[in-house]
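Both complexes below contain subunit A, partnered by subunit B and then by subunit C.
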Partner chain A sequence: MLATETSPPAATGRWVLDQAQARSIGLCVLSVLAVYALQPAMPIRQMDFWLPTASLVLTVVVWAATSSALATHRRPDRATLTDAALIGGITLGIAALRFAEPLSMLITRTPPPAVLSVLAALAIAALLAVAAGCIIGPRPAWTTALVIALVALLFVLKYEPLTQAFAALLRVAQGQSAAQASALDVRWLGFSYICFRWIAALRERALGRLPAMSLREFVTYAVFAPALIAGPIDRPERFLRDLRASFAFNWPDATEGVRRIAVGAFKKFVLADWLALLALNEVNAAQAQGAGWMWLLVYAYAWRIYLDFGGYTDMAIGVARIFGVRLPENFHRPYLKPNLTQFWSSWHMSLAQWFRTYYFNPLTRALRMRAWAVPTIIFVGQVTTMLLIGVWHGVTLNFALWGLWHGVGLFLHNRWADFAKGRLTAMQERPRLQVAISAAGVLLTFHFVALGWVWFALPDAALSLGVFRKLFGL
Partner chain B sequence: MMDEAIAAPIAEYIAGAILKNPKRAIKPDEPLISSGLIDSFHLVDLGLFVEDKFGVRIDDSELNADTFDTLNQLVALIRSRQ
Partner chain C sequence: MTLDARTALRIAVKALSLFVALNLVFALTDPVPALGRLSLYNVLWPGRARLPYGDDPARAYNLSLFDLNAMFASHELAGAPKRADEFRVLLMGDSATWGWLLRNENTLAGQLNAMRLKTADGRIVRAYNLGYPIMSLTKDLLMLSRAVAYQPDLVVWLVTLESFPADQQLAHPIVQHNAEAVRALIAEHRLRSRPDDPALLAPTFLQRTLVGQRRALADWLRLQTYGALWAATRIDQHIPETYEPAQRDLDADRSFKGLLPPTLPKDALAFDVLDVGMRIAAGAGARVLVVNEPILVSTGRNSDARYNFLYPRWAYDQYRALLRDHLQLRGVDYLDAWNLVPQTEFTNSAVHLTPAGARMLAEALAKVIVGRG
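Right after this comes the complex of A and B.
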């Protein structure tokens, strides 16, 4: 474990960088640039510059609120000022590209705003960081206020009516018509993932477990380029261990990284994109006539979403591996698991682990202390956790129903497993029967998950019910 | 405290209270979490048991197969905290 009191490696005072330092600085620069470069254009003027800037500003604010060194010394040291200058300098540099059109198109989709506006924004960011450092920094328990604010912002971005109101506000600020506002106007790249990394750091700080991180290290952790778009969501301590480890380019890591990228690209761009033509959606759900066709659409969706997301993750892990960072795995043969509990230990593992660490485990611990009945604790824990995972994808009825489907499924499996535990011990002496039951479990679990996607894939509960009726010939 | 003195009550607790099969032997290197033998609810219970029995703190972020997956690894974690 990295000691919470350990400061980051001290500057050597020499202008000679070893490979590890060069990699650390390079990854920070690359990640900050990626925040802008990967952000798609939006109908609201200059938002493809301002939203990435907001991601960086909030990252700096969260760092200031969680930095134990800043809380102790009450002023930034030279290394912090250098890191701030590096990050602010990149932002200003991108804004300055407006004077060298069309070079700005290399980074942002539309011309960046005036340099003076960016300077003013950076000054406000510095003030916010100072305020966070002074007010929250010495009081780790107050990080909860920041967690609540971030969850509220996440809710605004996930709940369509509020996203639309937010879009209207941004449109007015940019001198555009609010009447044209749509929820699709605000596509904040990677926010769901970055936000969960901020919250992880804030919670770890509140519990006194956050290792000391320099500003540069924290920014690299929060907006790490390979994991920016779709995770995985790493833990601060684990990420920092890799970032600080000695690094020298080596062929085995590079070869493995390239192999993962190739496998991921094949899954995503060949298999998943091909299956997308067949996968369940609003249009083909209405067109499919027989139950057989409908099952085909559901199977295609189940494999498409796995290969698409799994492919992205493979590529992210592969790119990070080349730079010596071993991101956590997100999938481990999820469709070959014999029950739903094991499925959720192998599907979107970093998100599930985040929810276990910061929600399920503390909740279960607290309810256990209050001596609630075990089935009640399990029901409350499983169902509310899965509901939250559902609405993390978007605050809609269908995502909530998908979460509920899995929450209730996990509870039922838990109760069955508990019932069977003491009774089926004789089965252990009959390996063939065990294999047959396991195979049946894999088939049942896959179909439960595949049917769950019917809620996830469609925008409306009535449409999903229609698909269920067709699937079962009702 | 000897490793066996730590491992024995934990193995007994896992077999009896979690697996409901007191005769079940828990091998020192048998995967407990990654194999699905212990689910997320019982993992919290196991953490509480270890905290009560050995007076060491197991954080919520440590209740996963990365931190410990076998009896041996859990014993090592407890020893490192004592």
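Right after this comes the complex of A and C.
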């Protein structure tokens, strides 16, 4: 367990300490630059600068709200000011690149806004951070208000009509026509992941479990470059442990990192991109004729999404490993699991773990205290958790149905496991039967998951139902 | 596993050596043509009803590539051994023959097959669509030189003036990327095009390596993969619900490819390519029917000067006369269908037909085919 107050990492030697510090600063700089560099261009002017800046500003605000040191002293210490200067300096530096066209294109897709506007934004950010530090900082319970605000923002970005309204607002602010606004105007890179890291920090703070983190450490945690686009969602104390650990470049870590990157790149850019040609989508779902071909499209989608996401995760883990950070695994042979519960312990593990920690466990604890029946608690817990995981991908009926599909599946498996416990003990003496049942479980689980993707892959329920009809020749 | 710097370096050197060796072997052996003959079509997937072409793969499950071996191997023709009672008809031509904006059943080949024609001697007429959406007789010749291997009884060669300009014969990627085959045709048949024309690409050694050929390999793989979607959907072209109709009101411009009235010089047109194509077909024992394909005859603004967007009247009229005389002199079967289809039955260009338009042409062709068979 890490100390909950600021504690400099133990120095095992001057050279190691220097490398660790350099790594820490380097990772922060790299991550802040990546927030801007990876952000795609948008039809709304300068949004490829302002949205990354908003990510950083909110990160600083969340840090201020969770910083016990800031809450105690009511003013930032020198280290905080240095970190703020570093992060603000990078932002200003990127903005200043507008004077060195086309150099700015190295970082942002379109020319950045005027430096004065950026200075003003940074001043507002500083005020917000101080306010968050002074108001929320001393009252950990108040972090809930910030969590609600962040969830509301996430909802706006995930619910198309609201995203479109948000886009219209941004357009007006930038002097563009609101009539042209579309939900696609606002593509806030990595927001879903960054937001969940903020919420994790706020919840840990509320529970008194958040280790003291410097501003630089927190920014690095929240927008860690390798995990910016597609996770995994690390936990603050685990990430901090790696960040503060003594660091010296070593070949085993570097080669393992390179191996993971190569494996990930192969999964993503060769296998997944190839399967994408075949995978179920809105267009081919309506056109495919015959159950056999439809199954092919569904299988292709199932493997494509796994290899795509798994490949990205491998690359993120590989890059982080080179810098001495061991990001958590996100996948562990999910399609070889004999039941749905094990599947969800091996698919997008960091997201599932996040929901388990911050939603499912508190909810079921609360329901248990109200003496609800266990099956009811499990049903409510699993169905609502999976529903939330579904709509985390986007607030649409199909994502919700996908969540329900898995929630109900998990509940049914839970009930079956409870029923079968003790009744299948005889099976333990028959290993071949055990293997056969396990294989059947793998097949059944894979097909349940693959069929679930029919909801996930398509934009509307009627189309998904049409696919189910074709799959089963109805 | 622990790994020191020396081991890592050794691995890197070995990997680099293998990479270089693989690229060298690839450049020296040039396996792409052989690979092109390997196809999942006609084995796992049904053969395509027309040659692969497309710029919207996500919706058409089709793509444009330059590997003629792979293109022909994906065609249903490659998986259809000729039956004793089959009268095999190959349709050569441009996008009108290929069937732009037409489903396969509505193309010329599709409509001819739907008619279930029989020749006078009782053979069943089976038409194959070998059109390709490029207007160049040299492109047609390139296709024909391969197609004759499939034992045609009749080659129906649909042409239009736009395919004839001699100076534009090589100005198409499919021709340029098959430079070796085109050069061989030029040399063997003494065509007027120059074998050393810079338009014909000459790949460098680096371009022949595995890295240099990555696009060709990826295209081959994508073609095989899209076969599954072709099989699943029978779709090979995205046909939008609406499109910009062919222009009816025309500009007053009377020039054609830089040529001005009053005379369209015959040597500006690639009749030599047409002759070679007929010789190649005859050499394979196939008869040739040349068809001057239907064009949109506009009645809109400036239609006194032009038939349509493509053709000023003076140039097109002279072309028709030149083509008729040229073919008559050689005794070649000829159908001039230029005004067979009313302007209402054209889609987005002066040569692209609606299903009803294609039906009219198919009916006219059917009479000739059955009569000649």
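Note that the second predicted complex is superposed on the first by the 463 of 474 C-alpha atoms of A that agree within 3 Å, B and C clash if a C-alpha of one lies under 4 Å from a C-alpha of the other, contacts with A are read in each partner's own complex, and residues count from 1 in each chain.
In this section, a residue touches a chain if its C-beta (ideal position, glycine included) is under 8 Å from a C-beta of that chain, and two chains touch if they have at least 3 such contacts.
Predicted model only: the values in this text are computed from it and were never measured.
Novice: So, A:Leu207: does it touch subunit B (first), subunit C (second), both, or neither?
Specialist: In the superposed model, A:Leu207 contacts subunit B only, not subunit C.
Novice: So, A:Ser345: does it touch subunit B (first), subunit C (second), both, or neither?
Specialist: first
Novice: Counting only touches as set out at the top, which of subunit B and subunit C does A:Arg356 meet: first, second, both, neither?
Specialist: first
Novice: Based on the superposed arrangement, let me know which partner A:Thr384 touches: subunit B (first), subunit C (second), both, or neither?
Specialist: After superposing on A, A:Thr384 lies clear of both subunit B and subunit C.
Novice: Does subunit B (first) or subunit C (second) touch A:Leu297, or do both, or does neither?
Specialist: The answer is second: A:Leu297 touches subunit C but not subunit B.
Novice: Any idea whether subunit B or subunit C touches more of subunit A?
Specialist: B
Novice: First (subunit B), second (subunit C), both or neither: which does A:Arg368 touch?
Specialist: A:Arg368 sits against subunit B, while subunit C stays out of touch.
Novice: Where on subunit A do the contacts from subunit B and from subunit C line up?
Specialist: Subunit A residues touching both partners: none found.
Novice: Which residues of subunit A touch subunit B in the complex?
Specialist: Per the stated touch rule, the residues are 204, 207, 209, 235, 328, 337-339, 341-342, 345, 353, 356-358, 360-362, 364-365, 368, 374, 377-378, 381-382, 414, 417-418, 421-422, 425.
Novice: State the interface residues of subunit C toward subunit A in the complex, per the touch definition above.
Specialist: Residues in contact with subunit A: 1-5, 7-8, 57-59, 61, 221-222, 225-226, 228-229, 231-235.
Novice: Mind pulling up the subunit A residues that touch subunit C in the complex?
Specialist: For this pair, the touching residues of subunit A are 251-252, 254-255, 274, 277-278, 281, 283-284, 287-290, 293-294, 296-297.
Novice: Considering only the defined contacts, which subunit B positions touch subunit A in the complex?
Specialist: Of all residues in subunit B, those touching subunit A are 19-21, 23-24, 33-34, 36, 39-41, 43-45, 47-48, 59-61, 63-66.
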